[in-house]
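Both of the next two complexes hold subunit A, though its partner changes from subunit B to subunit C.
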Partner chain A sequence: MANTFVAIATVTVGSGGAANIEFTSIPATYTDLVILISARSTGADPNIMIRFNSSSSNFSQKRLVGDGSSAASYGTYGEWSAWASASTDTASTFGNSLIYISNYGSSNYKSLSSDAVSENNGTTAYMTLGAELWSNTAAITSVSFVMGSSNNFSQHSTATLYGIKNS
Partner chain B sequence: MPATYEPIATTTLGSAQSSVSFTSISGSYTDLVLVQTFPNSQTTGPYTSIQFNSDTGSNYSWTFLTGYTNAESNRTSNASYIRMGVSSYLANAICITNIMNYSNTTTYKTVVGRNNFGAPSGSMQETQAQVGLWRSTSAITSITISRVLSSTDFVSGSTFTLYGIKAA
Partner chain C sequence: MPTKLVVDCSTGAVEEIELTAEEIAQREADAEAAAQAKADEEAAAAAKQAEKEAIAARLGLSAEELSTLLS
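And now, the complex of A and B:
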């Protein structure tokens, strides 16, 4: 039987950093997509924003966030998907995130699930469970990530896109 | 690379149904992953639940950690199924459930899940982490997914896929 959890592409950020991480021309041959990100920001804002087909519109989200001292739930409009470690965090630490995108080629709205952490041995670290929705019926053919506050991804940040087939 | 994440079976509903079953599950994997999705046309609906090996006894329990209006946690013991969340409004929901060491005949069976319900309004969404337990040492050979707490069926377009994962 075929292996159905397939690495489609990997991006590793080189010296000098990168303004975004992007996967383009995603084949429509899979059922779901999984993205694993290990990232660090060049600035103090650790938020990573997701974009489908270059669109940053029609995203909404619910986040359950723990920061080491309390837990809270937030619901907002706008895209968000993952944590990086901030430039102010312990050196050489990278935030990790797992994003699951179901039925990315369908004509339904696109739902995604994200688990994100930014442990850094500091006074505050974050872990987040996220539910997100892109209210758009277009098939997803590209996924890109940008850092919050127009920061860049630091060198050694990585992201890998996997495809999962249900048959 | 060995094939370690294999689709065992998938069902896409062509019409409304109250339940879906996966039967004759091979014992040749280490863990199972169940992925359920519900389209945005499911404007009202039930909760989703699972039972193993057609056991309808009070042998299940679960605990939720949920982000909704607030962060909250709740649990139920001695239930007749494991409820998978997310909401009575299933539109755009994803439920991903990992079923650990499902074929052993020594221990009770534990599941770990992530249940998400997405709505165009951010304030309406819900995200959830879950643990569930089936108090049986039997190997899991079948899974039944049913609607609960509502008479509304799962709508056409809902998908249910079971994957098998092998340890190296």
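And now, the complex of A and C:
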């Protein structure tokens, strides 16, 4: 791994669970951001929504989803950037997600790509690739993750924010 | 009361903070909107598939033959 790949912060969810995970006061000294998430939901919905600067507006995306038996693409419902294992999946398993945010400090619209899987020892387990756009010119100073369907992140879920410099 | 974990990247400090009433309302509204958008998109996909199958039927193709053509 390049020595310009720096772990900025890590958080682990405690026994009470958490509705959101937020990275605030993100330093502006990097070119790109990467976030790795290992997560399990307290509910049946494995989707995790992303927020920039606490905003849930102006997100759009294209997403490919496979579930072990079929594939589909989606385009209108945005912000599903990361996936957890659902509470109905195999016990003690956690979904994995990688999110890459390019040029987070620029004055252009912000794009991100995501690569995520749920984990389940069963016939259905999800994997997804997504391309997403936040149509906002503000520099990103905070990134939040909200578990879908008003569920919570289960204990032992983790998220790590990395900064990447292009030189 | 649901909580959020907030990491201050300038200090590394982690705080567990209860969501405000406004944040809870926003969370619920977002979940409802996302569920509705997903349902709408899946309904549109189902309608499109039904339209394809209707066209195939007019052409005398079975669902399996249509699937082969589109795969």
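Following the convention adopted for this analysis, the second predicted complex is superposed on the first by the 164 of 167 C-alpha atoms of A that agree within 3 Å, B and C clash if a C-alpha of one lies under 4 Å from a C-alpha of the other, contacts with A are read in each partner's own complex, and residues count from 1 in each chain.
Please note the rule applied: a residue touches a chain if its C-beta (ideal position, glycine included) is under 8 Å from a C-beta of that chain, and two chains touch if they have at least 3 such contacts.
All values derive from a computational prediction rather than experimental measurement.
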Mind checking the superposed model to see whether subunit B and subunit C fit together on subunit A or clash?
fit
Which partner chains sit in contact with A:Tyr100 here, subunit B, subunit C, both or neither? Use first/second/both/neither.
first
After superposing on chain A, what angle in degrees do the C-alpha centres of subunit B and subunit C form at the C-alpha centre of subunit A, to the nearest 10?
100
In the overlay, answer first, second, both or neither for which of subunit B and subunit C A:Leu133 touches.
first
A:Thr24 in the overlay: touching subunit B, subunit C, both, or neither? Say first, second, both or neither.
second
Which partner does A:Gly75 reach: the first (subunit B), the second (subunit C), both, or neither?
both
In the superposed arrangement, does A:Asn47 touch subunit B (first), subunit C (second), both or neither?
second
Which superposed partner A:Ala9 touches (first subunit B, second subunit C, both, neither)
second
Going by the contact rule set out at the top, does A:Thr90 touch subunit B (first), subunit C (second), both, or neither?
neither
Between subunit B (first) and subunit C (second), which, if any, makes contact with A:Ser57: first, second, both or neither?
neither
Minimum distance between Cα atoms of subunit B and subunit C in the superposition (Å)
8
Residue overlap on subunit A between the subunit B contact set and the subunit C contact set?
72, 74-78
Would you tell me which residues of subunit C are touching subunit A in their complex?
2-12, 14, 16, 19, 23, 26-28, 30-31, 34-35, 37-38, 40-41, 45
Subunit B touches which residues of subunit A in the complex?
1-5, 31-32, 58, 60-65, 71-78, 100, 102-103, 106, 108-109, 111-113, 115, 129-133, 135, 164-167
Considering the complex alone, what residue numbers of subunit B touch subunit A?
1-7, 10, 35, 37, 39-41, 65-71, 92-94, 96, 114, 116-129, 157, 159, 161, 163
Taking the complex as given, what residues does subunit A use to touch subunit C?
8-9, 11, 13-14, 16-27, 47, 49, 56, 72, 74-80, 144, 146, 148-150, 152, 161
